[in-house]
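First comes the structure, then the notes that go with it.
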Amino acid sequence: MFAIAITLLALDLRVPHVDHVTAGGLARAILDEWPTYFAFVLSFATILIMWINHHARMAWVQRVDGLLVFSNGLVLLMIAALAFPTALVGEYLTGSGGRTAVATYALFVLGTSGAWNIFMLALKPERGLLRPEVPLDAVATTQRRVRLGFVFYAVIAGLALVNAYLGLGLLVAMWCFWGRTAYHALNMSARLHNPLYDDPVDATPLRSAP
Amino acid sequence: MFAIAITLLALDLRVPHVDHVTAGGLARAILDEWPTYFAFVLSFATILIMWINHHARMAWVQRVDGLLVFSNGLVLLMIAALAFPTALVGEYLTGSGGRTAVATYALFVLGTSGAWNIFMLALKPERGLLRPEVPLDAVATTQRRVRLGFVFYAVIAGLALVNAYLGLGLLVAMWCFWGRTAYHALNMSARLHNPLYDDPVDATPLRSAP
Amino acid sequence: MFAIAITLLALDLRVPHVDHVTAGGLARAILDEWPTYFAFVLSFATILIMWINHHARMAWVQRVDGLLVFSNGLVLLMIAALAFPTALVGEYLTGSGGRTAVATYALFVLGTSGAWNIFMLALKPERGLLRPEVPLDAVATTQRRVRLGFVFYAVIAGLALVNAYLGLGLLVAMWCFWGRTAYHALNMSARLHNPLYDDPVDATPLRSAP
Amino acid sequence: MFAIAITLLALDLRVPHVDHVTAGGLARAILDEWPTYFAFVLSFATILIMWINHHARMAWVQRVDGLLVFSNGLVLLMIAALAFPTALVGEYLTGSGGRTAVATYALFVLGTSGAWNIFMLALKPERGLLRPEVPLDAVATTQRRVRLGFVFYAVIAGLALVNAYLGLGLLVAMWCFWGRTAYHALNMSARLHNPLYDDPVDATPLRSAP
């Protein structure tokens, strides 16, 4: 589902319609659409990082119950819907609708963050869905971050109403933070499984071996 | 296929085209599209619940035959087609075409329910496709519910012609019922597999462990 | 890929645009789009049956080589492209462009059949890619049918230029034949695995058991 | 993701809108869209070959780290985005915007090549992510080719500004080369696994056996 949502984002990279085509006029028309490309890359990175994190969270899970499946569905709904504010920012960023567009984008990310918070509630260790070997402090750290993220996005949505580019910059900064966290988590997990460290734990390849 | 159909729904969340853009004007234009968002959420929930139920039904199956595969294909066809009445409700709900739009939506759900009924015929225990450990009363309960659902949707399609919002409210009520049923089924399955209950049965995680 | 192509077909079920909306006017506008629904169902059935057959053919395969992978890619290309003549038939069937639209559709199916023929060449038993237990006469029967299909589609493309509905009827008849063949093949495979027949062969469920 | 991106390309095969429809006029309008079909086939082949190569590279991988996952994400981003210059070439190839369209296409392929180069950095043997049995000279050969490809695409992007068809021809030539390489690699891998050669190595079928 992440794979589908992330690929569908490209559908909003629409070809510009130029009336009297010249080589230079078409080039300018393509460059003029930069907010669309920017929004595409931002949302692609957003969904990619959530995909990596979702994968890591699901690796904790031993069994599922109603709350987990439905909160997971809510996360997927928000991720599928992200294409909408992405197109909005692509179309209205540079004009006088820019603040509205970015604030709407931030509100959708806020909603996604809310869905993640419910999802993390479902993963509370005392609910008994996690594998016994999952370290409890990792769960607590993740839960705290997701909670804090919600507060940040609420603030960003407000600030976007003051200045569109400020809002957008803060959204980028947030995803740099999440990306960095995911990057280090992946490295740590790779190091633990590295045979150079003589770790007997089985490797977790991206795809299972044939 | 469920994953694809559910994600494609987001393609109908189209960006509003505003002629003279102002921050407030764009915000109003976005809010004015609420029927589109409502239809998106309704259809997303519809397909999500059918996805969960389909997953649970396929877990019963030990082997497939022609009727099962083709009735399964019919369910998939109806689910793929649901994007059409969803867009219809999103565009025409608030105007004088509202009743037609909701009745069409209900007719598509009725068709989907018909496909599920044929699918449940294929799963009849005497046809020998189910795993031996599937409890026969669970099969009978599901078959009765799916049959009853068909009657309800036929009535709802008729009532939608009288009042669009009545029809829509009844569709939401139906999915609250199906959602609640799926939620409890997931919880029961989780509890049975919970090690706290000392159950030796293998857990069924959402994704297989690495 | 089949799952994606089959679901994307629904994107051409476009909502009709009505200028002065009334309940009856919208209903008529929806019904007037019947060629679109017809083309959707035809192409959905087409891809579904090719999906089932492709699945059955891939179950024969023990290893892949360049010709198999690239001819498989050609089949996928044609299946992805089928959305184009589907939309063409949906839009132009009833007018004076009907014959052109159906003939184009038949030409695309002819191309798909050509791709299948190359794919079947790659599956020739003497090329050493098939499992040893695959019955050689089943391979020969399939190869003969796929070859004959190519001739039939060439004739149908010609006849569609004479009469659009004749061409469409013949395409439907062809898929009834392929569908019937796939249906019986699935039933035979189910019967062989049926425990009532005391067959020790492992069942082949649609999804692997948890 | 490759499967989704490759199928979504078909969405740009749009039905021509003809004002006064005649059988011949519609046929001409369909044929006039040949640049769209050409661009579709070119991008389909491009993504198909990258898919095969990606599959072969991932088979080398024993564990993943941050750089591998994120560079992989960058490759996916560029592949998803390829639909944009594909549509551009389809719409503007034959007019005076042709050079701009093809140069933009080449720039996107150049960006994709850049992403592959970063991906290959992540696969450097000394980083410890590869299976021990991966032959080091195969890694070096691939890395050299991917590096050389980047230089070639930069040159092609420049030449496309001189002549659109020259640029397009060179892009086709490049993919003939990559396709030929992938074809031979698949054949070699099939031969090594061929039981006629008494090789005890397990076969790697396209899909796992039931």
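Things worth noting here:
Going by the order they are written in, the chains are A, B, C and D; count residues from 1 in each one.
Just so it is clear, a contact is a pair of C-beta atoms (placed from the backbone, for glycine too) under 8 Å apart; a residue touches a chain by one contact, two chains touch by 3 or more.
Everything numeric here is computed off the predicted structure, so don't read it as measured data.
Between the contact lists of chain A and chain B, the overlap is empty.
Mostly differing positions are employed by chain A and chain D in their mutual contact, as under half of the interface residue numbers are shared between these two copies. For the pair chain A and chain D, the distance between C-alpha centroids works out to 26 Å. Distance from the chain B centre to the chain D centre is 37 Å, each centre being the mean of its Cα atoms. Multi-chain contact residues of chain B (touching two or more other chains): 4, 8, 11, 204.
The touch graph of these protein chains is a ring, one cycle where each chain has exactly two neighbours.
Interface of chain C with chain D (complex): residues 1, 4-5, 8, 11, 58-59, 61-70, 72-73, 76-77, 80-81, 83-84, 87-88, 91-92, 95-101, 104, 128-129, 131, 202, 204.
Note for the complex: chain C touches chain B at residues 3-4, 6-11, 13-15, 18, 21-27, 30, 40-41, 44-45, 48, 52, 179, 182-187, 189-191, 193-196, 203-207, 209-210.
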